[in-house]
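This structure is in structure tokens; I'll ask about it shortly.
By letter and in written order, the chains are A, B, C, D, E, F, G and H; residue numbering begins at 1 in each of them.
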């Protein structure tokens, strides 16, 4: 009787499997990946550091490691990229989270436009990129510090904005609580928020939205 | 030179104007509405209590007051309703926030499916409504207490979920911080979050997403 | 005059001694265990990592180490197992806490039913195990993330539920405060809560409750 | 298919219905009670102030109001009282919460032993009552201030203790967060905790536990 | 011996006396003002509501009340206005704090440029006013919500910025903690922060800075 | 002119110098001690770990290291011990803080009575020691977990109690905030509190109080 | 057997009874006072507002009401005043707490020296009063805002300082948490802290200390 | 069109570039510095530890490393020093932050007066230095613990004070939140605050203010 519920998530073909690598040993990751490999799906492991990735790759050389995003990926059977998701960051130190989002979005079959390092301390950088950002169906804004970039972008684009606070900062930054609170209280409408550093979650949401734009799919 | 930026939000015809009524006097609300009335647009004032609404209506009888959502609305020139947004609540006390979202969504030109009072304490209530919820392009989940409904819905539907924590609760509920934190840490993917009690913001987001589904528009 | 009070806890024969191993040196643990060994009781040391356990076992080889639960145990004189306690977890990363509870409960003379990895992101997993869970006299629910599993289980079973939040998560998870708050505000009745990661405490409570069911004792 | 789940809570005959009266109008309470009255069950409405109770009683004179516990009760069809639950409080200002627990427990078919005003500032008061407390199957400890009574009771009795922090205090009391944190970190084992001021929840839990002691039921 | 220290603040002629009116009775305010009136100085009482101001004015009709800033002022002997302080606000609800700052700054002998309602949700409003803002020696930025305006202004002007978070907001706004944290973590340099709603304090600082620009003084 | 102020603290002969060793290098500690050695005073360095102490002792062998209290001491010229300070702890893990207090108190010329490991989980242990504790002029109570011992002692003795919360605990213990809050809200009168783990501060206070009892001094 | 414990607090003749009036009705206060009046002791009721005091005095005209300290007192049988306690405040708004402390201390048999309104914004005021403060056996420092006065006093006197944070402030003052934290982290030694606004508690402590100075007693 | 905005910050000649070194690899720092070296400007890299500095200096030997301030500096083209900024610290452990401020201020063309280790525990140290401090145009006060020094200085000088809380402390110090809150609530006027440990930010602000004093420039 519950099989129908089951299919809701697990039999939805085409969606890649995503393994949260933090707090798992290399051995555990290998085990989970091997159990999955039968399925005709791309595979993504997030939050894997360099050392752990090497241990996994020794046994599973078909996985590619990307150090910036800290991900292990098997792109075979990846979905064709459709639509457009813009990923906008405030500073260079938001890059790890941004690339986690980008890698996830690409594997989930989305075209990604990267607009990095356009924080409001030098707002002209953002304006120069606005036309590019406005072509996207959905915009992911990633920012540490005070996260003001989110409100500025939200006021300038006409698309849903998914905000990701990052833990980049010190003192009263409170490990990311400050940009999180800032984003939840944005004076611009059209912004929703995910957990601190959750690039994966933002991309998952953005992908769902981007795929609603059916006519742009191949 | 900045006129182009200006148009991004203010010259975008068709979008209703929304006035945040809390902390404004009846007189101030009347003033703002009168300044707007020239434009061919629907008008929405949120967070207006009964007494204040009466004072406004004396001067502006064309505004209709809805006590549940605490809104004043002029529906003239409203957009035709397209697509579908499901609004799901955990308990009856989440109704004010839910109706704020519903009134907003309808005025912004969206069809709304209300699924109220299906909290997880009696989870069969939710399962009975699942087919209905799954027809929506985007789902708004509104919950106080611990907000667990969000995760359960997120795990059962294949559409973006926008979560709204409500301030309904006591003690360690911390005026809504508890469901907010709960929603940000959901074990289900595909969930993004707006501020506590922010029914308007959830509807604004959902409307943007729902309107991306172009072929369903009239 | 206070001897009577004393007996309330210490002369209650049969109850195993439990040592909290965190922050104690191997040497201190050995000392305490040796002072106890005269008594005809099982012995349990919690929160002992692999290295420390090896140092203890060198001197006390009669203690068995279990790496998942991070416990050292001497099962001699263990109580016969009666009744039934169900231990339900949301994810695989809750396992350390779950096994700390399980080892404690078993040593205290309770039958334990393990139902692991049935979090609400895939709720069908829980439903498949419900008949098993419903056979228990008391249910321990262990969850990190947002802890929503607790409310779902609480709404489906008719027995006392003891909830254990775990520190598994990141960002706004706040090292377990989020599921703790969530559990304290559950919309389901019949739930009480212990400290973050306190598998031992949950089992201690559950054992007391399970032993109240006298006719099921041998 | 889900009917079985439904019955888990709603068709369980004999259990009284409980309505949370805070934030409901007298009219809404009357409506809910009238919808229930067909069922052969006792009825309990919690968190009703004097004024609201009078308005309800005008229409439903069969409900009795108790000002200390702020409850409206229809005791017809109440369950026969079995076993024993001790309700222990630190101070007189914890009385509202204690009586909410007592009224709930009695309506759910439990014998209740009230031991009030035995806080640790004058610990001899507690010792004088210990023999009485030890006769209970389960002990509810209710305390504001720093909640130290919980740990002292927990160390002296051999039964499950359910702790209820109250919002009685000022300054760093933080509306009850201080005794809540204190209770969650008790040095005594066998204590679990419910939300601040949640007398109802403690009684619900205690009743479940007390009814497990089958042979003491009539 | 300490007389020298004394003069540092109290014998500095010309500086207006400022009375914090909140929590003082009309009678107490009258008493303090009367004790001061001998001195040849302007007088300022902040945080006085309409009712209290009327009671004070009955006895001291020489004080003028301003309802927006909630201040009572005697402008006799006011210092001549020099230099320029820009006061920039995000929204209309920040007006009370802004006018508290403006009234203070003017009484302390500063020219004030008001630039209100230029929040980043419609950033073109700010750009239109930039030339005006850039003429000031020091800029006060006042914002509720997420306070993003501060960072944008800080990145565009070359003068010290004093930021004032306001308590305007709801939910996770935490009565102004969110914009405070945001301002302390600004990605723009040159920003320092005062307490929530502290318009007086910002003006006091700004006045000190503005008066350092000696050649612009008359 | 300020010399009089100076003497208030620095020329008060007989009081030992105390150096806070945390965050200072061995070299810095040596430098400060050498600058002091001319004065005829005992010397105390707190918060020095084993390794750092060895480096200091190489150059200053006249300092004795105590590993439990993590202190380096030169007892030459120590004050004669007078009166009596009782130091009472809840558990063995509070020992480092307790010994920091004891070493400080002894060096400051106080007799110290140690009453360790008498936490309320087994309250009879405390009662057995009460006559001893009641002989002191002032009582220091040191406790982690929920700090309930403080309230129990406060209710049983007739002397000032100085409470020291310790950082011993986990989860909602919040690194000592829980016992701190508990102690500040004690239902017993006569308790004042110092910072978490501040054994030194408690002893400094207690010594001041103990020395007020003049006739007990030699 | 426990009678001895009992006497520790209740049979200690001479100590006045103190009733915490907040949250008690006039009727309850009357009841408690009447039960006490047989004993030959002074009586003190704290936290009683004007209206409630009038209701109590109608029945018990022998109680005197003091509006500043919000206390009701019967001074008959008061203890003779000995020694000296200095009560030092930062501002005039700390007066209610200061007078609660003063009234308590006087009723408990202590001479009190009031030194009010000497906050550090004008530090010469404090220096002028130092000789007076230094004559006390113990000093109570009461301050709102940032509580800096405590550290300055602590560095200038050679007696135990008991610090009382007050709830006077706004915004980040957090209802007194800011001065509380400030006082707990004072760079001056010899300071211990009681709960926010707890004038009574400070006086209770100070009285205990002041009475240790035996030779100064009559 | 946006070039004009750009110039606001980047074409402002003379202002040194500042690189935030924390979280950047030596390689990344080298890359950024090399890209800058064409410009005729001094270069400053903050928050560089010893090891990282050595790696940078191997490639860029023209950078000088200062271990106290943890900065790498190229002073070529430094601005001539004008005016005067006083940097005042409470304790020796605030030195890293103070020197970060001093190095920044000097590179930005300001004369700096260092007044270190004058905390209020021994307030005579501050008074001895007051004449020196009063010569500055702007005062930076840096303090950990409870930050009381800020209020004392603010009450004694007639210039803008920029306060920097430091993370030096333990327990309830909360990594610097305590002095931050203390500084924001100062009873002295004329104080504004920057983020915890943000010596750079304080110096940037102070430099802006100091340069407003035009006639004192060479």
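Methods note: a contact is a pair of C-beta atoms (placed from the backbone, for glycine too) under 8 Å apart; a residue touches a chain by one contact, two chains touch by 3 or more.
Since the model is a prediction, treat every value here as computed from it, not as a measurement.
Shared contact partners of chain C and chain G, listed by label: D, F. Here the chain-to-chain distance from chain D to chain E, counted in touching steps, is 2.
Among the other chains, the CA centroid farthest from that of chain D is the one of H. Each chain gets one centre point, the mean of its Cα atoms, and the points for chain E and chain F are 47 Å apart.
With centres set at the average Cα position, the gap from chain A to chain E is 43 Å. With centres set at the average Cα position, the gap from chain D to chain H is 58 Å.
For chain F, the set of residues touching two or more other chains reads 5, 9, 121-123, 155-156, 171-173, 177, 180, 184-185, 189, 195. Those residues of chain C that touch chain A in the complex are listed here as 93, 121-124, 127-128, 168, 170-173. Within the complex formed with chain G, the residues of chain F that make contact are 5, 8-9, 12, 137-138, 155-160, 162, 180, 184-185, 189-195, 200-202, 204-205, 208-209, 212-215.
On the side of chain A, the complex with chain C involves touching residues 2-3, 5-6, 9-10, 22-23, 165, 167, 175-177, 180, 195-198. Those residues of chain E that touch chain A in the shared complex are 90-91, 119-123, 145-148, 150-152, 154-156, 169, 171-174, 177-179, 181-189.
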